[in-house]
Each structure stands twice: as C-alpha cells, then as structure tokens.
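Chain nomenclature is as follows: A, B, C and D, assigned in order of appearance, with residue numbering initiated at 1 for each chain independently.
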Amino acid sequence: MHESLENFEKGLRNNDPEISPSMIYAYACIKKGVPYCNGAPNLGVESDALVELAGELGVPISGKDFKTGQTLMKTILAPGLKARMLGLEGWYSTNILGNRDGEVLDDSESFKTKEVSKLSVLETILQKDQYPDLYENICHKVSINYYPPRGDNKEGWDNIDLFGWMGYPMQIKVIFLCRDSILAAPIVLDLALFSDLAKRAGGKGIQEWLSFYYKSPMCARGNFPEHDLFIQQMKLKNTLRFVMGDEEITHHEH
Amino acid sequence: MHESLENFEKGLRNNDPEISPSMIYAYACIKKGVPYCNGAPNLGVESDALVELAGELGVPISGKDFKTGQTLMKTILAPGLKARMLGLEGWYSTNILGNRDGEVLDDSESFKTKEVSKLSVLETILQKDQYPDLYENICHKVSINYYPPRGDNKEGWDNIDLFGWMGYPMQIKVIFLCRDSILAAPIVLDLALFSDLAKRAGGKGIQEWLSFYYKSPMCARGNFPEHDLFIQQMKLKNTLRFVMGDEEITHHEH
Amino acid sequence: MHESLENFEKGLRNNDPEISPSMIYAYACIKKGVPYCNGAPNLGVESDALVELAGELGVPISGKDFKTGQTLMKTILAPGLKARMLGLEGWYSTNILGNRDGEVLDDSESFKTKEVSKLSVLETILQKDQYPDLYENICHKVSINYYPPRGDNKEGWDNIDLFGWMGYPMQIKVIFLCRDSILAAPIVLDLALFSDLAKRAGGKGIQEWLSFYYKSPMCARGNFPEHDLFIQQMKLKNTLRFVMGDEEITHHEH
Amino acid sequence: MHESLENFEKGLRNNDPEISPSMIYAYACIKKGVPYCNGAPNLGVESDALVELAGELGVPISGKDFKTGQTLMKTILAPGLKARMLGLEGWYSTNILGNRDGEVLDDSESFKTKEVSKLSVLETILQKDQYPDLYENICHKVSINYYPPRGDNKEGWDNIDLFGWMGYPMQIKVIFLCRDSILAAPIVLDLALFSDLAKRAGGKGIQEWLSFYYKSPMCARGNFPEHDLFIQQMKLKNTLRFVMGDEEITHHEH
C-alpha cells in the first residue's frame, strides 16, 4: 500500500490500520502544499507513495529524527577520526535522560526504530567497504536509560576504542551534559525557513541538502544518506550559494 | 635579519647568535632543493628570508607543530560546535605526559611557544568577529603537566562550556588516552610523500594545502591560517584532485 | 527442602533437580570439614540446611559474590558521602566488559541475581529509614554490557547525583579502568588463609567478619549484612586483634 | 616569637609585623574564652604560643583548612584503595573554579600553603614507610586553575594510576562537579556546635576528634595528623559516645 500513491489513497479511504496518524498528517500537509519535515524516528513521510505525491505537487519534504545530542557528537567525531585514518575497534554509547522521552525509550520495543537510526550513522561516514582494515569490525553499541534525576536534561557517555599506526590502542571518552529541547529548537526554526525557501525556489520532494539536521536523512532512491556533519554542512552551504547564484567554495589552492 | 634573504645570509657568515640551529638546518635543506617540513613549535623555516629562498629555488616548505592529540580533537570538535552555532563560554584543556617532552614543557618558559600554538586554533575556526555573541569572550586555557606515571603515553582532558538557544549552559568533557608517537608517525610519512609530490608538481614555497597536519599552519602573507580540520582536509583533497586533473568536489545538489 | 538438613539430604538421595551442582559441591566440602567460600552470585552455601551443617560440623563458611570493581568503588564512595550527610538523588552505573563473563551477564535473565547483589549494597550503608530526607528516593540503576573490544579488562562508569546544604545539586562521575582477575586473585588468597585461620580458631558456620570481601555478605539470621567497606575492614581487623588477644582499636581520644 | 606565649604577647605590644591579623583574631578569641576554628590554610592558631594559651584558659581550638571538595574525595578514595592494598603510582588532581578564591589561588605564590595542605593528605593515610612497595614512589600533583566560566561552582578532575596483583596497571578518573559554599556551610555549623560542646565538656586546646572537618588537622606535639575520613569519623563518633557515657563501637564479632 505504501508503494504507490494510488494504493495509499485507496487505503486512506478504507481506513486501513497500516496507515499511521503521522502518515495521514504528512499526506494532508503535502496535499495543502505545505513543506513537511519529520523530526521523529517514525516513517511518516518516508514511503514511495508520499514521496511521489510531494514530487508531483512540488512540495519539499525532509526527515528524519533530529540530530541533537550524542548522535550529533558522533557525526562530528567520526569524520575527524576518519580524516586521520585512525581505526576503530568499538564505540559504546549510553544515554541517561529523565523526561517522558527517556521513559518511553527505556522500553526495548520502543527503542528499536531509534536504535537503528542511531547505529546507522557510522556506516556511511567510515566507508568500511573501502577501508576494511580500519572499520570492518566495529563493535557499536547504543543504549538509552530512563533516569529521572536527570530531569529534562540529558547526559551522553561515549567510549571510543581506536587504534593508530601499527595497531596501537587508544581511547576517547566523552561526557556530554546537554539539553534536548535547547538543541532541537533552533533546528525547527532553520527547517521552517529553509523548507519555505526550498518551496519558493522550486524544490520538489526530498531535500537532501537538509540532511545536516537529521540522524537518518532521506535521500533519493539509489543514493545513500550522508551522515558526515561537515559534508552535510558543505552541501547545505553550497546549495544555498547555488540558489543565490554565488560561486561554490572548493577550498583548493590554485 | 630574518626579513630578507640577503641579511640572513650575512648573519650566517657572521655566526649571528640570532640564527638558531633549526634555521641553519632549514636553510641547508632548501639550498639543496629538499622540501622542508617543521613538526616542532619553533620558528624554523617561518621567516621572510627562508620563505623567499624557498620560492626562488622552487622548494616546497610547510609547518609548524604537528597536530596530533588534544589540539587535533579541538579542531575536530570546534568546527562541529560552530556548524550548529553553539556558543562557547570556556574551554579548559590540560595534558599529562610522562616522557622527556612532558618534562621540558612542564617548565613555563619552554611552554610559551607551544601555548601560543595551542591557543591560536580556536580563533580562525570560530570567527569571533563575525559571531561576537557566540565567540567573543571565550576563556581558553591550556596547560601541560609532567606526570611520569603516564610514561610515553599522553592523556588529554578537556572541559568545554557551551551554551545553546536562549543561553542555556551545557558541558562537554573529553578524555583522550592517546600516544604521541603513534599519532605523529603517519604524519611524517604523509608529509614526506606529499612534499615530494609537491616538488614534482612544481610547488614553490609555502604549501597551504598541507595545513591539515599542523597545529600552526604557515600561510602566505595576508592570508590567515586555516585550522578547521575538515576545511583543511577538503583543501588537501581538492588540491590533489586538481593536480590529478580530476573535478573538484563541492557536494552541492543540482 | 533447603530449610532443614534432613530434607536436604533426602533431596540429595532422590537426585532432586532443585539441588544445584554448586550446592552439592558446598555440601561435600562441609562434610569433609573444608571451609567453603562462595565468590559467585549463586546461592551455593546460603541455605538453612547448609548453614546448619556447617554449624554442626564446625566448618567456617562465607559468601557471596566477590567485591572487586564497580561495587567495590560504590562501597568506598557511599560511606564517604554518608559520613558528610550528603544526600543522593540517583546513582547510575554501567559496566562494559569483553570476556565470557560479560557475554553471559549481557543476557537479562542471567544478570538478575547479579543485579540484586549489585543493587543491595546502598541500602544498609545509607540507612534510608533513619535518613529519609537524604536517602529515601534514590534512583539506583546498574547495567552490564558485553563489549568485546574491552577484552579481559573491564570499565565501569558511574554517575552520582548528590545534593548538599539546602538541596543544591552536585554530580560525581567515576571511570574505573580495571581488571577483574587482578582484583579477584588476592581475595581468593586472603579468604583461603583467613578461612583456615577461622577453622583453627574454632570458628563455626557463617564468618561475618569476612564480609569485607563480598558484594552480598552472608550473616546470621536476624542480622543485616554490612556493606560499608570501612566498617567491614574494622570488623576484620578487630576480629583478628581479638583472636590474637590484642586490644581492639576504637580511635577515640581520652 | 611564636614559640612561647610570653614572646608572642611581647610581639603584640610591639606591633611586630610577624604577627598576622588572623593570629590577633585568634588571640582575642581565646582570651575571651571563645572556641576558635580555622577554616583557611593560614597558620592562624597553629603556634606553640596560642596552643599554650588555649590550654591554660581551657578553650577548645581546631583547624585547619576545611575539607570540602577534591581533598574530601581523596580522603574517601585513598583509604578504600589502601584497605584492599592496591598500589599507587600516581595521583594527578586539577581544579577549575571561577570565583575570587580561584583567582587568588591561580597565583603560584598564594597557592603554596594550599598546595602543602592538599598534598599532605596521602602521606599518613597510605603509611608509605610500612608499605614501601605500594606507596613509596607516588607522583602526586595538585593544581588549581582560575576559570571564570565555572562561576561560584568548582570542578575537580582526578586521575589515579593504581596497580594490583603482579603490578598490573589500572586507572580511576573522577569528575566532581561541586559547590564550595554548599559543602563548607554545614561544616561551619557542626564545628560551632561541637566546639561549644567541647568547651562545656571541659575540652582544652587542640580537639583532635574534630579532624574530620579539616584538610590539615591540628594534633598534639609528637602525634601525626589523621587524614583517613573513616578513622576521623570513628574518632568523632566514639568521642561523642564517650562524652555521653555510651559504650564505644568496635565492630568486632564476639
């Protein structure tokens, strides 16, 4: 039903239980011509049917799962370690948070979609197919724990086991005492402004250049999602420069 | 004496005490046509006289101070925080190391040039002139302590005080259990290969595209040094692509 | 069956599946007059039947679950915080270890007895009944994760949320890069020597003065187990002084 | 002048510059029969002259330097490591604090008396003369850095290099996000109450049983100061039990 717009609309008319409220919401937005951004890890707008609709009606869409705390740090650090070709043996991440979000995600069933979204980021950044000696056998673990004393704040603890020249082991540990809403709010504002710009500039369907803001960026069929925060930023900025008619920046020396 | 080649060579003939052994070493290299890379924080090749000589004789030079441990991490993290426009109130860094390097740098006089080299990296990355609200008043402290139990290994501890949306404070703490020589050795190899390539490709004088490897990159007069590891990497890669005749990568969406 | 020696021995003769191999092992030891120490979290010797037998035959027994890494640290820190009447809101502990032990305990079923043993230590140390304002509502979480890169070593991460005068919140974070076997081996030696001494000095049944070595110390019916490392140590030392005929130490000023 | 009361009083009359304001303050207190507690690292009441006066007039005195943050943690952890006979290779401690206290102590001259007070605590706890293999060659470093972003709060970072069975190295790292005044205030209250009690119970001169509250406890000539928080606490409690006519607690098993 999610594979073509026709079937999806048939499902809508029949009240099919396979269609979730977030999909109905997304459908309604697109039909009204309103750009749609998905900040949660649910599927929402990520089906062939809705992507087709957004393409047809010329509505920009993007998603999914805002990149705010520990995953943000991961997509900052991993490109840095990769830039220097430092190998990785393991990456252990745990989160403690005390609000309703933590309470829900502490349940292993609810955590599953989030876990996929959190685990996937290292794959494309590290290109393990190209560098199997360095990145093929990473033990990557992510967990979330409900811990009421942390209240609305969040704490991420990362332990990274890396190795350098001749296999020598090293370790990095990161403690991030952060605040979920404070990190998410400016993303909402940026996405509102840029999605509006995208619409006015003729953008249709998936906006890959907004990957910068997401843990699990949507991309065209056949493409792979970009997770490296700095490539995402370059994509964002050069797309804006292109829209403005400016020259793109390559940083090479002539 | 360091401002023109003529005066420098006069100084050499007179055994002027202002000319250090590392400068004589650099002068000899360049005269012989051998590319020169400075991995230490001393001035070495960084004078108008020697830059002039390298330009005249078509010898690639680069420097200074290999970027290996805590400063490497700093130039990975700072661009990430800046990408998301997270403000900074302070950055406190301390290092413990147990070898001869630590013993020398524990002395506050010897630490001075190193300290300048370590402190400067945040300046150009954060562009405080453009973003005074976020980055004008950073309390940035760096110290090095000789601590024999750490032996040849090194440990860096960073505490970063950042603030987000509406000024809310957050903290990041990083512990880096690293190994100096293991991080430095591959830099030596890369620089040997790339400096040789630069020479064969007609590169003369300062090679800004090798900034990727240095804490305090040399740059042409009037330019500012680039510290952002990811811009340095882009510079390195696009310069290599240019030398090969390949198309440069901009990452924008067409 | 575990409540009287008579029933237990009947069960033994009938090959009752409720009697585990570790209980048979303990029974055999005691019958032979060999002191028995239980370093694992299983019940082993901890039943009325076997305690009765040990009492009758004059065999010293002790247990259970060696106190080595994170729990050792907990019973060092908690008495310290309590000494100064610092309140506790939460204590979050996580462990990563890479050997077979970690692999088994990563499974939530296998972790259950261990978890009870790890969680119980704060109770008697903090005396929440006597200090409800400070210790009644502690959110205490303990988890173990199998993380192969850590190999035979272990890493514990603790986050403690405490509060002081007028409820002001503070935090302590502890990283313990430790080695399980290295911390356990001297305990085995001490227990062998002291259990032998206990036997020669006429000790019968549960040896509470050996609590010092256990996460979940056995104690006489009606007593509560002592977890405070420093009270355990005082108990150990003053019992030894008493056995030697020395005066016990009270540390008061006359 | 500080060695006898007679000379001290002569100095007072001559306005001798060797007599500091804090000494005059202490002298005045004692003369008035008011118990005196010294919470700062200065000498204050710690001279033969003033101890003599306090003894003569029956005034309880105690000091010096309140034990609140990092040093408190040190006297909790060190007895725990010692209890298990874990060796120490090094202990590196650094503090960042942002108030006037930090500003003053950042200056190496002002830090000197504080440093002595902070370094001394490990000596008596570890008894290096008795256990030279474990504790003779500890590299113990303590530093304080003025870091305004931390404001009135304080952060301590400790790195402990320990070794176990067969010399295997392990590490403990502690981050203490604490608040100086919140930790010091209840000490002031306790000392006021207990010093008053001491006076009413006939206590004269140095009150060793109040060592619990100090980084650098005063003790009778010939005695050594006790730093172990748990022995200090036992001393405090058993002294109180003695004053009340209660039996002292020895924790041994009969």
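Quick note on the criterion: a residue touches a chain if its C-beta (ideal position, glycine included) is under 8 Å from a C-beta of that chain, and two chains touch if they have at least 3 such contacts.
Everything numeric here is computed off the predicted structure, so don't read it as measured data.
Novice: Measuring between Cα centroids, which chain is at the maximum distance from subunit A?
Specialist: Greatest centre separation from subunit A goes to chain D.
Novice: With centres defined as the mean C-alpha position, give me the subunit A-subunit B separation in Å.
Specialist: Those two chain centres are 32 Å apart.
Novice: Suppose each chain is reduced to the average of its Cα coordinates; what separation in Å results between subunit A and subunit C?
Specialist: It comes to 45 Å between the two C-alpha centres.
Novice: Centre to centre, by mean C-alpha position, how many angstrom separate subunit B and subunit C?
Specialist: That pair's centroid distance is 52 Å.
Novice: Where in subunit B do residues touch two or more of the other chains?
Specialist: As it turns out, subunit B has residues touching two or more other chains at 173, 175.
Novice: Of all possible chain pairs, which ones touch?
Specialist: A-B, A-C, B-D, C-D
Novice: Contact residues on subunit A for subunit B in the complex?
Specialist: Touching subunit B from subunit A are residues 72-73, 76-77, 79-81, 83-85, 164-166, 168, 170-179, 182-183, 185-186, 208-209, 212, 229-231, 233-235, 238-239, 241-242, 248-254.
Novice: Going by the contact rule set out above, which residues of subunit A touch subunit C in the complex?
Specialist: It is residues 89-90, 92, 94, 96, 139, 141, 143, 145, 147-150, 155, 157, 159, 161, 173, 175 of subunit A that touch subunit C.
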